[in-house]
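Below you'll find a set of structures to go through.
Look for subunit A in each of the two complexes below; its partner is subunit B in the first and subunit C in the second.
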Partner chain A sequence: MSTVTIDKSGPTRKVKYGSMSRDRAWALRWSYFFLVLFAIFSLVPPLYMLITSLKSSAEISAATNPWWVYHPTLSNYVELLTSNQFLRFFWNSAWVSIIVVTITMLISVPAAFALARMKFWGSATLATGVFLTYLIPDSLLFIPLFKMFAVIGDWTGIQLINRWYVLLFIYPTLTVPFCTWIMIGYFASIPKELDEAAIIDGASWFQTLTRIFIPVALPGLIAATIFAFTVSWAQFLYPLVFTTSTDQLVLPVGIITTLIKGDVFNWGQIMTGALLGAAPPLIIYAFLMDYYIAGLTAGATKG
Partner chain B sequence: MVDVTLQSNRVAQATRRRTGLRNALRRKSMVAFLMTLPLILLVLLLVVYPAFYSVHLATLNKPMTKFVGFGNFEFLFRRDTFWLVVKQSCIFAISAVVFKALIGFIVAHFVHNVPAKKQRKWRGMLLVPWVIPPAMSTLAWLWLFDPSYSAFNYTLGLFGIGPIPWTGDAMWARFSVILVNVWYGAPFFMIMYLAALKSVPEQLYEAAAIDGANWWQKIWYVTLPMMRNIIAITTLFSLIVTFANFDIVRILTAGGPLDHTHIFATWAFRVGIEGSDIPLGASVSLFMVPILAIAAIFILRDVTKRGNEA
Partner chain C sequence: MADVTLRKVVKRYDDVEAVRGIDLDIADHEFVVLVGPSGCGKSTTLRMIAGLEDISDGDIMIGGDVVNDVPPKDRDIAMVFQNYALYPHMTVAENMSFGLRLKHYPKAEIKTRVAEAARMLDITDLVDRKPKQLSGGQRQRVAMGRAIVRNPKVFLFDEPLSNLDAKLRVQMRIEIKKVHQKVRTTTVYVTHDQVEAMTLADRVVVMNHGRIEQIGTPNELYHKPATRFVASFIGSPAMNFVPCRLEDDAGKLNLRLTDRLAFPVPPQRAARYQAVPRTDKLLLGIRPEHIAESRPHAESGVEPFEATLDVTEPMGMETLVYFTLDGTPLCGRVSPNAGAQDGSPLRLAVDLNNMHLLNEVTGAVL
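For the complex of A and B:
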C-alpha cells in the first residue's frame, strides 16, 4: 500500500523538481569551480612555504620551475631545529604565549562572571568599556607603552625594555578584553536557575563560578584560550618595538631580524622558519576548528 | 584583672572586625568588584593611561624636554609625506575592506551552496589564511613577490606576461599590499557571513520563490536585509583592524618604495621608534583616533542593537 502511494507521488515530484534540480546541479558545479579557485588563492602562500622549505639554496637560485621540488631535502629543518638561536625564539614564543594565556584566563574569567551575573554599580558601563578596549589597536598604543616602560626603567631601575617578559605585561591588553567579552556572552547564556540552585544549596560565588559556570561554559573557555594563544603567538608589533637582543626575541621577530641579513635572503630557511612558526596555530586549528570558529563569530554578538 | 579585660576586649574587637570583613566579602558588590579589579587595573594602567600619555607625548619636542603644544601637528601638516600617508592609509583601508567584504560575501554563498557535509572541509581550507600569523604568511608573499625569483612572474612569464615589479613600483607595491591584506582578511568575512547566512530562515526564500523572485532579488530583498547587522559589524571591525594594520606593510615593503606604501602605523613606527622621535610618532598614530572612534561608535550601536534583537 505504502509503496503504491510512493510510486504515485514519485513521478509527479520528479517532474516538478526537474528544472529546479538541474539549476541546482549547475549552481553546485559553479560553486565548486569558484571554491576551487578561492581555495588555490588561499593555499598558495602556505604551500609555497612548504615547497621552498624543502629546497636547497642551490635549487632555489637555479632557474627551474619554482612550483616543484626536484631534489627534496630536509636540511633547512635540520639546520633550524638544531640552531640554538631558533630554538630560543621558539621557546620564548611558547613561554610568552602560555603565560599570557594563563594570565588572561585568570583575569577575564572572574571578571566576565562578575559582569554577566553580579549586577553592580557600573557593571554595564564596564562591559561596554571592555568592548571598546578590544577595539583599540596595538598600533595606537605601542609608542606610549614603550615610553612608559622606559620611564619605569629610569625611575625604579627595573629594566623591562628588551626583556622577553615585558611582553607578559603588554599582551594581556590585547587578549583580556576580547576574552572577557566572549566569556560574558557565554556566561550570560547559562540559565539563571542553575546558579540560583547553587546559591540556595549554600555555594559561595567562587564555588558557583568554579563548579557551575566554568564546566558549563567550557566550549567558550576553550574558544577564548585558543584566541588568546593565537594572538600572543602571532603578535609582531610589540615584540619588534620592545625587544632587540637576539636572545630575547620571539619567533616572528626573530625570523625576520636574524634570517634576513642585509640584502641576503636565505629563503629556504626563512620559509622553513615561517612554516614552523605557523605550525602551532595551524595544528590547534586543525584539531579544534569548531571552537576556533565559535570564538571568531562570538566577538560580534553581545554578551 | 585589668589586663584580662583589656585582652578579652581586644579579642572581641578583632573578631568583630574579622566578621565585618567577612560580611563585606560576602556582599555581592564587594565580591564582584574584587573579581573585576584585575581587569579594571589592566585597562586603566595599560590602555587608558597610555592613550592619554600618548596625547601628552604628542605635545612635547623631540628630546621630550619642552612643551610645544600643537607644534608636532603643525610640523606634520607642512610635510608632504604626511599627506601621502593619510591618502595611502585611506586608500589601503577602504579598498582592502571593500574587496574583503565582497570576496567574503561571494565565497560564503558558494560554501553555503555546497552540501552541508562537505561545507566543513571547504570552510576549513578557506580559513587557513586567517589562522597563519600574518607576519609568517607575509614572508611567503614577500618571497612570491621576490624581484628576481618571483614564482608569480615565472608563472606569468609562461603566458608571455612580462615581469611585474610587485614591490618595486609604487602603484604595484600598493596593489600588492592590498592584495595580501585581502588574502589575509577575506576568510574572516567569509566565516561571519556564513554564520549569518545559516541564520536566515529557509521559509523566507521559499516565500520569495513563490512570489517569483529571481536569484538576484532573493539576495537583495531577503539575504542582505537579514544580514545587514552582521555585515555592518564585520565591515566596521575590519575597517579598524585594516586601518591600524602594521605587520603586512612593514614586512612586505617597509613603507617603500620612497614612502609610497606607508600607512599610519608603519610611518609612526618609522618616525617614533626607528627615528627615535617619540613625540612625532605619537602624533602620527593619534591621527588614527578619529576614524577608529567613529567606527567604534557605530559598532557599539550595532552590537547593542543585535543584543536587543536576540
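For the complex of A and C:
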C-alpha cells in the first residue's frame, strides 16, 4: 500500500497543483458570473429610466415594446432644463449639499482628530457614542425634530420650517457622526510617532492636523466628503417633511411632488428628472473613485 | 548644545512605576546610551526627556533649565524614531525642513542647512524623493537629517536601528558615530542591543526594572560590572555564573566550586574577598574568554581542570565550548586548534585573575 503511495507521489503533486489552478479559474469564473449578474441587476433600472426619458408621453402610454425607443425625443430634457421650477430644485439641492458637506467637514475632521489622538477623559466612550447616534434611524427622529423647530419658531419667531435652509441644521445629524467615525478610523491608522515627530519639530496641535494629518488622511477625507454629499443630495424623508412650498423644495422631493399630479404620473419627466438628479454624484464618484475605495478600505481594516 | 540632568525622575502609570527615581548627569557633547531589556523604562525615560511623557516626580533639566512643564517644541530637542516617522506626503527635503519652516526661518538658510545635512548623510541625490521611494537605511538617514538641520541642543534616538537588517545596522551604527563626531551634539540613545550600546557610547547607562543598575564607560561595564544583571547583560556570550563558596586553607583562600573542584584565589583578589563571610552563598562570575584550553607554563592564577564538552560551536577565529560543572552550564572560548569536539573531554583552564565574585542573594559584585 505504502509503495503505491510513493509511486504516485510525483503525479499526485502535479495533479494537486493543477487542481489548485483549476479551482482558481473556477473561482474567477464564478466571481465574474455574479459580478455580471449584479451589474445587470443594478444597471437595468437606470437603463429603463434612460429609455423612458427619451420617449414622448404618447409613446410611453402606447402598448409598444417598453425596452425600445421608436421615436426618440429630447423634449423631456428640454422641458425640464428650461423650467425655472426644476432649476430651482436643482440649485436648492446643490446649495444644501455643498453647505452641509462644508459644515460636516469643519466639525467632523477636528472632532475625529481630537477623539483619535488627544486622549482625554471619556474620549473612547464619546467616540462610540458618536457612532451610536448614527444608528438612530431618521424615521424615528423627524417628528421630534419637527416639533423642536416648531417650538423654536413659537418662542423666538424665527421660522425655519418650510425653508430650504432648515435642512442645513438637520442633515449634519446624519453626516457628522458617520464622517467623524470614518475619520477616527483613518486618523487612528496613522502611526503615533508621526504626530510626535511633528510636535517635536515644533508643530501645534492645529498645525499637526492641517499639515500632517489632513494630507496623510486625504483618501479618507475624500471618502467622507463623498459620503456627506451623497447623503445630503439623496435625502428624501426630511425635505419631504420640512419643506412644502415649491420654491423651497430640493430635487428628490421636487420631482415627486410637482411631476405627479393627483393620479397623473408624468413618467417621461420623472425619469428625466431622476436621471439628471443622479448625474452630480455620479460625476463626483467617477473622478474620486480610487480615493473613495482606498478611503473606505483603510477605514474598515485599520479603524 | 547643552547638558541634560535627571533628578529623582519617576514615571507612574496608575499603580505601576515604570521609572523609579533615576539620577543621571549627561555632559555637553556626550553620547550616552540607555540600554536594558524591554520594559526596563529606558524608552519612557527618553520620552520624558523629549516631553512626550509627563514626569510623575523629580526634575529634568536641559542646559540648566528645569523643563518639567515645557512642551516638547520649546525644549529644542530632536528625536529619531524606530519607525523613522517620516511625513509620507512630503519629499525628503520637505521632511528635513519641516521644523525650520514652522519656525519661519528664511528660505535661503533652510536650503543651506538641508543641503549641508544631506551632504553629511550622503543623501543629496534623494532630496526630491518621497519616503516610500527610499530603502530602510535611506529613511533612517533622512530621519537623522531632519534632526540635524534643526541644530538642536539634544539628539534623542529611540531604538533607531531596530528595523534594519543586521548588515545595515552595523553600517548605520558607524554612520551615527561619524555624525556625532562631526556635530558633537549631546545625544541620548536608547537601545536593547548591548553591542550597539558598547560601540556607540561614551557612557552606557544600564537600566533594569525602572532603575539604573550602573553607569560607566563601555570598558568599565565590561570589566567592572557592579551587579549580576550588568555582568550578565553586557557581553556575548554572557558571563558564566557558578555557585561557589570561600574556604580557608592553611592561611590561603580557596574557591570551592564542587566537592572535587576548588581553586586557590589569586593573591591580589584574596585581600579583597578576605572579609566575605565563609558561609555566604556566592557565585563565581567568569567570562567565556577566561575559560580557554589549558596551556603548559600557565601564568599564576590560571587554573587547569578537566571537562567533558557537550557542544562545540566553531566560529572561525575561535571555538565556543559548552559543558556543565555539577549541573551548572558553562561556556568557554578555545582556539580552533585546541581539538575541541562534541562529547569529548578537554583540559581547560580558568583565568581567575579576571574572576568576579558575586553575592548570590543580593546580586552585588563583591
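The working rule: the second predicted complex is superposed on the first by the 251 of 303 C-alpha atoms of A that agree within 3 Å, B and C clash if a C-alpha of one lies under 4 Å from a C-alpha of the other, contacts with A are read in each partner's own complex, and residues count from 1 in each chain.
The rule is short, and it goes like this: a contact is a pair of C-beta atoms (placed from the backbone, for glycine too) under 8 Å apart; a residue touches a chain by one contact, two chains touch by 3 or more.
These figures come from a predicted structure and were not determined experimentally.
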item: Touched partner set for A:V78, first subunit B, second subunit C, both or neither; value: neither
item: Partner chain in contact with A:E193 - subunit B first, subunit C second, else both or neither; value: second
item: First, second, both or neither for A:L132, with subunit B first and subunit C second; value: first
item: Contacts of A:A25 with subunit B and subunit C, given as first, second, both or neither; value: neither
item: Touching partner for A:I158 - first (subunit B), second (subunit C), both, neither; value: neither
item: Subunit B versus subunit C as contact partner of A:L115, first or second or both or neither; value: first
item: Partner chain(s) touched by A:A124 [first = subunit B, second = subunit C, both, neither]; value: neither
item: Subunit B versus subunit C, judged by how many residues of subunit A each one touches; value: B
item: Subunit B versus subunit C as contact partner of A:I98, first or second or both or neither; value: neither
item: Those residues of subunit A which subunit B touches in one complex and subunit C touches in the other; value: 204
item: Residue ranges of subunit A touching subunit B (in the complex, touch as defined); value: 27-28, 30-32, 34-35, 38-39, 41-46, 48-49, 52, 60-61, 65-67, 106-108, 110-111, 113-115, 118, 120-121, 123, 126, 128-133, 135-148, 169-170, 172-173, 176-177, 180, 204-205, 230, 233-234, 236-237, 240-241, 252-253, 255-256, 265, 267, 270-271, 274-275, 277-278, 281-282, 285-286, 289, 292-293, 296-297, 299-303
item: List of subunit B residues in touch with subunit A within their complex; value: 26, 28-29, 31-33, 35-36, 38-40, 42-43, 46-47, 49-51, 53-54, 57, 103, 106-107, 109-111, 113-114, 120, 122-137, 139-141, 143-144, 146, 149, 151, 154-155, 183, 187-188, 191-192, 195, 230, 233-234, 237, 240-241, 243-247, 250-251, 264-265, 268-269, 272-273, 278, 281-282, 285-286, 288-289, 292, 295-296, 299-300, 303-304, 306-307, 310
item: Of subunit A, residues touching subunit C in the complex; value: 191, 193-194, 196-204, 207, 211-212, 215-216, 218
item: Residues on subunit C engaged by subunit A in the complex (per definition of touch); value: 50-52, 71-73, 77-79, 81-83, 85-89, 98-99, 102-103, 146, 150
